[in-house]
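The structure appears right after this line, and notes come after that.
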Amino acid sequence: MDFNIIRAARAVLHVQDLEASRKFYVDALGFIETESDDQHIYLRGLEEHNHHSLVLKKEQEPGIEVISYKVQSDGDLEILAKFFDEKGLKTKWVEKGKQKAMGRTLRIQDVSGLPVEFFAKMDVVERMLQRYDLYKGARVQRIDHFNCMVEDVQKAYDFYINELGFACSEYTAAEDDQIWAAWLHRKPSVHDVAFMNGNGPRLHHIGFWLGEPMSLIHTCDVLASMGYTASIERGPGRHGLSNAFFLYLRDPDGHRIELYNGDYLTSDPDFEPIRWDINDKRRQTFWGHEAPDCWFNEASHVLDIDSGKPLEIREPKLKKRKPTFVI
Amino acid sequence: MDFNIIRAARAVLHVQDLEASRKFYVDALGFIETESDDQHIYLRGLEEHNHHSLVLKKEQEPGIEVISYKVQSDGDLEILAKFFDEKGLKTKWVEKGKQKAMGRTLRIQDVSGLPVEFFAKMDVVERMLQRYDLYKGARVQRIDHFNCMVEDVQKAYDFYINELGFACSEYTAAEDDQIWAAWLHRKPSVHDVAFMNGNGPRLHHIGFWLGEPMSLIHTCDVLASMGYTASIERGPGRHGLSNAFFLYLRDPDGHRIELYNGDYLTSDPDFEPIRWDINDKRRQTFWGHEAPDCWFNEASHVLDIDSGKPLEIREPKLKKRKPTFVI
Amino acid sequence: MDFNIIRAARAVLHVQDLEASRKFYVDALGFIETESDDQHIYLRGLEEHNHHSLVLKKEQEPGIEVISYKVQSDGDLEILAKFFDEKGLKTKWVEKGKQKAMGRTLRIQDVSGLPVEFFAKMDVVERMLQRYDLYKGARVQRIDHFNCMVEDVQKAYDFYINELGFACSEYTAAEDDQIWAAWLHRKPSVHDVAFMNGNGPRLHHIGFWLGEPMSLIHTCDVLASMGYTASIERGPGRHGLSNAFFLYLRDPDGHRIELYNGDYLTSDPDFEPIRWDINDKRRQTFWGHEAPDCWFNEASHVLDIDSGKPLEIREPKLKKRKPTFVI
Amino acid sequence: MDFNIIRAARAVLHVQDLEASRKFYVDALGFIETESDDQHIYLRGLEEHNHHSLVLKKEQEPGIEVISYKVQSDGDLEILAKFFDEKGLKTKWVEKGKQKAMGRTLRIQDVSGLPVEFFAKMDVVERMLQRYDLYKGARVQRIDHFNCMVEDVQKAYDFYINELGFACSEYTAAEDDQIWAAWLHRKPSVHDVAFMNGNGPRLHHIGFWLGEPMSLIHTCDVLASMGYTASIERGPGRHGLSNAFFLYLRDPDGHRIELYNGDYLTSDPDFEPIRWDINDKRRQTFWGHEAPDCWFNEASHVLDIDSGKPLEIREPKLKKRKPTFVI
């Protein structure tokens, strides 16, 4: 069955202080602020023609309300709802008008417990790609992917590949050939979503795509000049896995953002997933730098789609390791 | 009907002097030479896992033998053959073994007279994306698109959109709203193929994608230092249409190559094709430079798939203009 | 005699509309505005610790009031005044307090008729080099050089080399080995001042130095997005002479600004001036693009240091040519 | 007294395996190999018109034979010899013909015990600045500076500033305002030589200047693809002190090389040395990354100009600290 999932499209983040978030995302990183009110800031990248790819929602505790995928049409949502119901997964409709700029959406709790949303319609706004006079900071172009820590990567992998129709670009195999981490895509890039073995379900980071690498260096300089040195968690560096030139940042609530440039086209059926052995020396990032422990241990809590409470976190099935090769 | 066309995938160029071509493509531009013999050089970009995206074939006269699209499976070729036969277009099978590294291919002469080929299978080779020690010149990553001059753009547009399942990202409209040029894609980038009004059928250029913009500047420097100043035809510049940072080169046989970086994702069904009025002042390239006349007037001859002779060139239906906004 | 001239340091430009100038220099190019009043805007680059390197002064007609060099100490000004008096050149003291932020300055009309000023003291202000949050547009770092059109290059060359203690880095020689253009420096870069054969005396352009080349590309994009397409006169390109990666702009009054990156260290006494033959094919810019006619013909009028009236312009001694190799 | 010292100009390194060194410096980093024999490799950067800026000399043990400064004329050497003799410092003439491509040189053991050499003449060779076809790896343009660990920074500072005529651009002050580290220059950049408090005398690193920052990123990729991950010791990063975009590498013998881009012009007498407090939070590199311990503890042994034996290393006068702010 083909659910016509197009791509990773937006995330709804709970943050505690909208002004602090605005300073980080808008003033420093240069996201376009499409709209805001007392409870929300709606952000998008320079090439995005949809209303937003990131919602910052003021709440008492930081958390991830949903990560959202765009599908071809509203009809696909009905088919997805039926499918998830049959699989016994919790589903919930959010009707048009309940969320700013959004059509009807389907929220589910996926096989790993992650709060996932599907939608077909979001308001269309002006693209700023050629408004170079507005470029600043990281010059973020668009949302690229989600990276999730889950307790059972194989289970998530099987579900997304076999049921939802994702393809695998690269993966890490443990000693017994079990999948320790996997990068899966619908759009023909390295990923729309990655799953890695760890205390989960949690969201490890949201990746945003930059048009060229010098913006990533400039981001470090801008952040440092604004006093955000502590927000630079890892990088700049090159991932062996995915070939991305990366920078990991922590926002004022601790949510992790990856700035990302340099992957490749994965459109072809004869492209074989690239296997990385967990004992391969190349587990280190391509240039040899180790990731800091916080990058491995810390991640954002995800919420129950009904109660809005943080999900319980469980120990992973496979051995935890400092996954310095992981993106 | 969905023919599962994936992307623009390769071109077969007739050239007169393989050594001259090798010096230009391999020594200067840095293409990877996968293989060669007395009659052919097979080239690929740094991220390409297929045997080649460009074949240089030694012949008496320069010309374009075919431009090729990759499809999902051999079964799709059968369906395509049936479709083209029904449409009354000339088709020709080239069996596996007849072309180096290729499976069975289907060649056709399309509605504009262009020699087009479809294939599902090409030998897989080592990707050089992380062999940075081999990077040189333009650091070409992959083939991106074909740009064709045709006498009737509307006819080509209708056929590729309505019959072959391409989508339109951007187009130029003449006074009476007729389509003067159009950018069409299967993979979610700005284009796999563009058609523009002009003496045709001819191939205007083949576009190759670069990973970042400084390689394009370095290409100019390398070409100049090797005596290829006359090969730099247009650019570097920014296209308003497509937003590409571009450089147009002429190879030793006059075939035109575009180095290209900076377009955007076109995956979404609610992305409306961008209309450019032919009298819009923005017809000039984004920075205001005019294209030279040769860029407008000169293009490569295309060949009959049976006889191998150059196709007759006809005057276009719409008025010719110096399309400085065209990519 | 050593006059301890340090470097090209500032220029005073007459402009007709301060708001139009501010939009161009501050909003688009990203110069730091140190201070302004109804009649002046004082601008500096990101690394400059002195109050300004460019003064925009509101006047009825565009013109160049002076180009200024910094010297080691006020004592050097006295020695220079005596020297110019002995040479019979017109001199004029401007006392401290007459010009914002300036100590005492010595103005002269040089051997070519150019209005030149020397000073030792200018107010020191905060350097913005590490205020990356303020970087925008061209990210201009500092003033680099003046380029002047004069009727007798040999005469200017002899005076600056033999009398003022400049060194020559590169020059262009006409058929009979006469110097057609010359690049002269005090600081160890390619130039603080260049003289080229043409209707003069006029100021051809002021060069500003950028820290890296991508800012130059971004400048084109920003200018185009703000409607300044007509201000992009030439480039981006590479100069054979000086190796500079360049962009020539025209400000709202027609004054020409060069953005410039990529030259080299000229500190060594055994560095031989590089000779370029005027009939050398490399007269073209390194990549082969021709300069537009306006770049050759148009330049800013310079003013008499006493009357403030434009100097009479005379035909040059050597044949005029479109000097596409000239910087 | 003015000794007319121009700039840091070359170093002579003892290495154990010329082939291993060639692979690192020539194949990976892209230095131009001017000449070589069984015992030496002579290297230079792309813009250098002198025969070499780095000599690799095959010896049993790694070490630093000399670091060399260029002076204006041979006459300056005589004056320097007299001066050092009077100061009671050990001097030694190396006559023309004893060292490849060199005129007469004066070697001394400076106040810190460092082996320092002065020369006025070196053979002139072809500059490769516009041979872009030969650019590879780091695209090193020229030698920039030496960084030395000494037991008494104040003593070195006083000698170089008060006796040899260097100027200070930036320095680090300990609690009691004693100078903990200092950056000194003759050419108007941030430094020709830096001294920092530590076990000495030792050479901490030799800095080479790159024309633009992307080459530094590419160097990491090239080194990683060639198996030199362990050679990447620190960076890429931005120094607060000097503003340099930096990368520290260890060559096959452990000698440390800095690739360096992004400092500024220091020509002006009113440029006040920038003071960095050792307890300033900005002691960390500008982006907040800490330097690894090896960067702080390890450095190259320097040799006695007469015996060729390694100099005894002494504990520094000031407290050792992990100087993460140091360049």
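As written, the chains take the letters A, B, C and D, and residue 1 is the first residue of each chain.
The working rule: a contact is a pair of C-beta atoms (placed from the backbone, for glycine too) under 8 Å apart; a residue touches a chain by one contact, two chains touch by 3 or more.
Note that this is a predicted model, so its numbers are computed, not measured.
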item: Intersection of contact partners for chain B and chain C; value: A, D
item: Equivalent-chain rotation between chain C and chain A, CA atoms, steps of 5 degrees; value: 180
item: Comparison of A-D and A-B (more C-beta pairs in contact); value: A-B
item: Distance between chain centroids, defined by C-alpha means - chain B, chain D (Å); value: 50
item: Centroid distance [mean C-alpha coordinates] between chain B and chain A, Å; value: 34
item: Centre-of-Cα separation between chain D and chain A, whole angstrom; value: 44
item: Junction residues of chain C - those touching two or more other chains; value: 130, 212-214, 221, 224, 286
item: Residue ranges of chain D touching chain B (in the complex, touch as defined); value: 27-28, 130-133, 135-136, 212, 214, 218, 221-222, 224-226
item: Residue ranges of chain B in contact with chain A within the complex; value: 6-7, 47, 49-50, 70, 72-73, 121-122, 124, 129-130, 141-142, 187-188, 211-214, 240, 243, 261-262, 264-265, 267-272, 286
item: Residue numbers on chain B that touch chain C, as the complex places them; value: 213-214, 217, 220-221, 223-224, 229-230, 232, 236, 238, 245, 284, 286-289
